[in-house]
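As structure tokens, here come the structures.
Common to both upcoming complexes is subunit A, partnered first by subunit B, then by subunit C.
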Partner chain A sequence: MTNKLSLSQATMRSRVAGIVAHVLLIGASIAMIYPLLWMLSASFRPENEIFTSTSLIPSSFSLTSYVQGWNGLPVSFGRFFRNSFLIATLCVVGNVFSCSLAAFAFSRLEFRGRRICFALMLMTLMLPYHVTLIPQYVLFRELGWVNTFLPLVVPKFLAADAFFIFLMVQFFRGLPKELDEAAMIDGCSPWRVYWKVIMPLSMPVLATASIFTFIWTWDDFLGPLIYLSDMPQYTAMLGLRTFVDSSGVSNFGGLFAMSVLSLMPVFGFFLLFQRLLIEGIATTGMKR
Partner chain B sequence: MTVLKSPGAVAPRGGMVRAKASRQYSSTQRAAYLFLLPWAIGFLCLSLGPILWSLYLSFTDFDLLTAPDWVGPANYVRMFTADPKFMISVRITFVYVLFSVPLKLAFALAVAMLLNRGIRGLPLYRALFYLPSLLGASVAIAVLWRQLFAGNGLVNRFLAQFGIEGPSWISNPNYSLWTLIILAVWQFGSPMIVFLAGLRQIPADVYEAARVDGAGRWRQFARITVPLLTPVIFFNAIIQTIDAFKTFTPAFIISNGSGNPVNSLLFYTLYLYQEAFGYFRMGYASALAWMLLIIIALFTAFAFLTSRYWVHYDE
Partner chain C sequence: MSSTVELRNVTKSYGELQVVHGVDLQIDPGEFVVFVGPSGSGKSTLLRMVAGLEEITGGDLMIDGGKVNHIAPYERGIAMVFQSYALYPHMTVYKNLAFGLETAKTSKEEIKRRVLETAEILQIEALLARKPRQLSGGQRQRVAIGRAIVREPKLFLFDEPLSNLDAELRVQMRVEIAKLHKRLGNTTIYVTHDQVEAMTMAHKIVVLNNGRIEQVGSPLDLYNAPCNRFVAGFIGSPKMNFLSAAASSNGVRIGDVSVPCPPFETSPVTFGIRPEHLSIVAGINRIKLGTAAVDLVESLGGQTVVYASLADRQPLTILLEGQPAVADSVEVFFDFEKAHFFDRDGRKTLSKHVQAA
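Entry: the complex of A and B
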């Protein structure tokens, strides 16, 4: 009898605790997401309402901010978005290509100097990029690459993002070694093993690497800020920054509308590949 | 199978086999170097070369136009004796790291623990909490923050409903840094996911045993959860701290690249950027970059050295 009573008390208590947890979590998620939703709704508001309302629903729905923002600078935002897409896509291709080659060598092939090369690669992983920033700038300037996309894209084709090599090495090591050993004994060259055996089996890690490369280069600010100075070459992030500078307070609607648009590709990846992103974070502990 | 491992390991079963094996081995070697070629070029030209070069530049005066002029340790001496802005930027960055990282990790751990109770709707909550840290690096979020904490921003309008008249947070040097600390804490999502993965690893029967022995929730937290989670806490702390030292974009956007009001947003990397690409003092900026490397290395070394006293690894 008493046993039963205490049991029901216990379930009662855990149910209350569950409700409290939900209330806390719902409150926290609203507080966190509210600014984002507010910016979204502000981008559809008439300009004069942006500074007066705290609500999420605009009194009237207008696309003026988008039109004004799109054409708010001497060069249209369409051009900036096109530049960002081009750079991010090239970076994805470069990273997947060069990092998977290096990762294949590190994880699947025996060669002299492997350990030392791998250790050097790991060291660059920890290095703050500021230490290489100025010499790289001087180098690219000497090559006449300033004001082109090359300084932003070419390093990706040279596996400069050691993080992704590391990510792929971890994944490749998890694939059964018998597969490529059997293929090599049958006379397959390492190239065929790489292309026909390892790559097709590595779609998950290649997808993770592609998505994170895209997001990071899309959001990159310092690189374009240093290397791109002609407005027609600007990325979306540089366009936003120029918008803040030039219009300041005068065209907040347009600024918000373009900010919302610039977040959309990242948000799209979030909607489509959430599982992949979260698994990527959970297994590697990336910073974001 | 041993063919791939090493040529010496092949049993001497006759010259033919050995010859074939070593031929295959050396062709594998050649292939390996070709596979590594892009990385090797990148390593030499974009990492190793530049590192050594910037170390050299840090002992010079260099304005990009004329050849670097050797000045010995003058740049480093200047930092500590004749450059108040350097000291300010170090102080600001340290305050930022010191507050943003522990707060962010505390939130991340607290929410992860709430979520780890087998709660319904876990994927939805996790996604909502993760979203800010995925979007957070964008200039667009810095733009949003600028507006949230402006004099007529959303935060003040919200406070006005309770009759509180807030200042312009971002243009007041007493508060501006705190708006950036809040921005960092807002992005607690990714360490939260790492904590969640860590909490999953703790077997349920450990808690079961503790409950049977009469341990309350707090004791369970302090004696089981935290000790077993220390490797994950350590990992998160290192990653987040290094990242916090490198904060640039929000400080740049919110202060228009100036580090103002009254240098209260003069983050270390922003100061480095100003020196290098505003004043083209490339020698001094290289010294600043090396000082950042030293600070981060010292911090990491300190963390690893103390870790044996508080990080419990499952042996």
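Entry: the complex of A and C
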């Protein structure tokens, strides 16, 4: 009898603990998602209500902000999206290709000064972006590349992102060396080993690099701000800034509407590639 | 179709550390050569140098009379089977077999013909559409061998190919590899640490230890006439017994017994006798070694292994045919003809001349 009682007391206690934990977690989730919901509702409500109403539900539902935001600037917002897409896509291609090649060299090829080069590369990882900002600007100005996409894209094709190289080196080191050797005996050049053996087995790390490159370049504000000065060249992030003008009229409805839209690609890209992150197929097929 | 291989004073060093010391070896066309030795003996390193996966520090490697030290693995006309199989995990079995031929830009029809032919030889036709992860250990092993034969190499290299299989499968694959060699007739170098594999498969065994060749010869040569204590102890199972011995005035003294024989060139310090050459009953030409206390008896059915120790506590293994009754204490006899004597550091076997006892 006492046993039964204490048992039901125990289940009671664990149930209470579960409820408390859930309340806390749900509360924290709401605190996190609230700004996002607020922005979403602000993009649909009339302009004059944005900073006055406390409700999350708009009093009337309209798409005016979207229309205004898309067409309200001298250059259509579609143009900014196109620019952002172009830059982000080129950066993804450049990073995946050049960083994986560099990582292949560091992890698989024997060459003089490999360790020193690797250490130097890791040191650039610790250098803050802002230290190289001015020298880089001077360099690109001398090349005549300012006010083009080149300063934002070309470095990605030259394996400038040490973080991704490091990530890939770690991954490649986990792939069995016998695979390379088997491929060499099958007559493969290092280039073919890279392309036919290492690349297909590295989908998880390539997906990771793609996702982060896309999100980081899409969200990048400082780079485009420094190098792009004509409005037709603007990226979506620069476009958003133009809604809030220090000289006078700010279009907050348009700002929020376009902010919502510019979140979509990042969202979509992540959904598309996250499946690959989980698929680790690298070592099956070897001995257990 | 099959290559000659010649190693001339081949050495390998990693920085200061020398792991292979001046190896000389001649391998004839069609020969099945087994490199055998304990781990760290340099047998795999030697094989990888022949394959072209390790650089050769010194000496010459000749294949078919030409020096190939700096020639790429593929151009040496070799194929290799790895211990871990090293199948490409992302390709089907068919693709795994075809990959080398594709790299060599062989025509599609030719690739198909050769892959199907190889699959038939190894009985893996039903597996061609599968990925390596869907195969069992034995099947992966077959595919790995298939990937080697599909290229029609002149020289076959095996790097401990059976060590990841369970005992039963290992025996089965051992027989199949031997049959395959008989059928294809390629020169083959096979590395193993298992002396049973070496004895059963090889035409020629190369015993390696600490980066040096200890002895080269046919399996029976190594069994009957090991040239030093290492080879004597390595070849044969159960291992040869070693007892301390000394020259005496009219022969040699082993434990408590004195065996009359003509003098050796130097004084022997170790007496070696294989467990199967010991007996617990007296007979013609058998010399009594002494009385031994039996510690353990293993009955295998067909054979019986007796672990015993002599009066001076030196251990002794005796292998008897059949299922004899073994008492707690046995008298041990040996055949002088089958005995081996080694010098102080075990580097050399001393010749002996039998004299009627």
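Keep in mind that, in the parts below, the second predicted complex is superposed on the first by the 252 of 288 C-alpha atoms of A that agree within 3 Å, B and C clash if a C-alpha of one lies under 4 Å from a C-alpha of the other, contacts with A are read in each partner's own complex, and residues count from 1 in each chain.
Assume a residue touches a chain if its C-beta (ideal position, glycine included) is under 8 Å from a C-beta of that chain, and two chains touch if they have at least 3 such contacts.
Everything numeric in this text was worked out from a predicted model, so none of it was measured.
Trainee: Quick check for you: in the superposed arrangement, does A:Pro200 touch first (subunit B), second (subunit C), both or neither?
Mentor: So A:Pro200 only meets subunit C here.
Trainee: Counting only touches as set out at the top, which of subunit B and subunit C does A:Leu36 meet: first, second, both, neither?
Mentor: A:Leu36: touches subunit B, not subunit C.
Trainee: Tell me which partner A:Val75 touches in the superposition: subunit B (first), subunit C (second), both or neither.
Mentor: In the superposition, A:Val75 touches no partner, neither subunit B nor subunit C.
Trainee: Who contacts more of subunit A, subunit B or subunit C?
Mentor: Counted on subunit A, the partner with more touching residues turns out to be B.
Trainee: A:Val266 in the overlay: touching subunit B, subunit C, both, or neither? Say first, second, both or neither.
Mentor: A:Val266: touches subunit B, not subunit C.
Trainee: Is A:Pro176 contacted by the first partner subunit B, the second partner subunit C, both or neither?
Mentor: second
Trainee: Of the partners subunit B and subunit C, which touch A:Met184 in the superposed model: first, second, both, neither?
Mentor: It touches subunit B and subunit C both.
Trainee: Shared contact residues on subunit A for subunit B and subunit C?
Mentor: Correct list for subunit A: 181, 184-185, 281-283, 285-287.
Trainee: In the complex of these two chains, what residues of subunit A are touching subunit B?
Mentor: Residue list for subunit A touching subunit B: 17-18, 21-22, 24-25, 28-29, 32-33, 35-36, 38-39, 51-54, 97-99, 101-102, 104-106, 109-112, 114, 117, 120-121, 124, 126-128, 130-139, 141, 155, 157-160, 165, 181, 184-185, 189-191, 194, 215-216, 219, 221-222, 225-226, 237, 240-241, 244-245, 252, 255-256, 258-260, 262-263, 266-267, 270, 274, 277-278, 281-283, 285-288.
Trainee: Any idea which subunit B residues touch subunit A in the complex?
Mentor: Checking each residue of subunit B against subunit A gives 1, 3-6, 24-25, 27-29, 31-33, 35-36, 38-43, 45-51, 53-54, 57, 64, 111, 114-115, 117, 119-121, 125-141, 143-144, 146-148, 152, 154, 157-158, 161, 186-187, 189-190, 193-194, 196-197, 235-236, 239-240, 242-243, 245-246, 248-249, 252-253, 256, 269, 272-273, 276-277, 282, 285-286, 288-290, 292-293, 296, 300.
Trainee: Would you pull the subunit A residues touching subunit C in the complex into a rising list?
Mentor: Contact set of subunit A toward subunit C: 176, 178-179, 181-188, 192, 196-197, 200-201, 281-287.
Trainee: Under the stated contact criterion, what part of subunit C meets subunit A in this complex?
Mentor: Interface residues on subunit C, with respect to subunit A: 51-53, 72-74, 78-80, 82-90, 99-100, 103-104, 131-133, 137, 140, 147, 151, 164.
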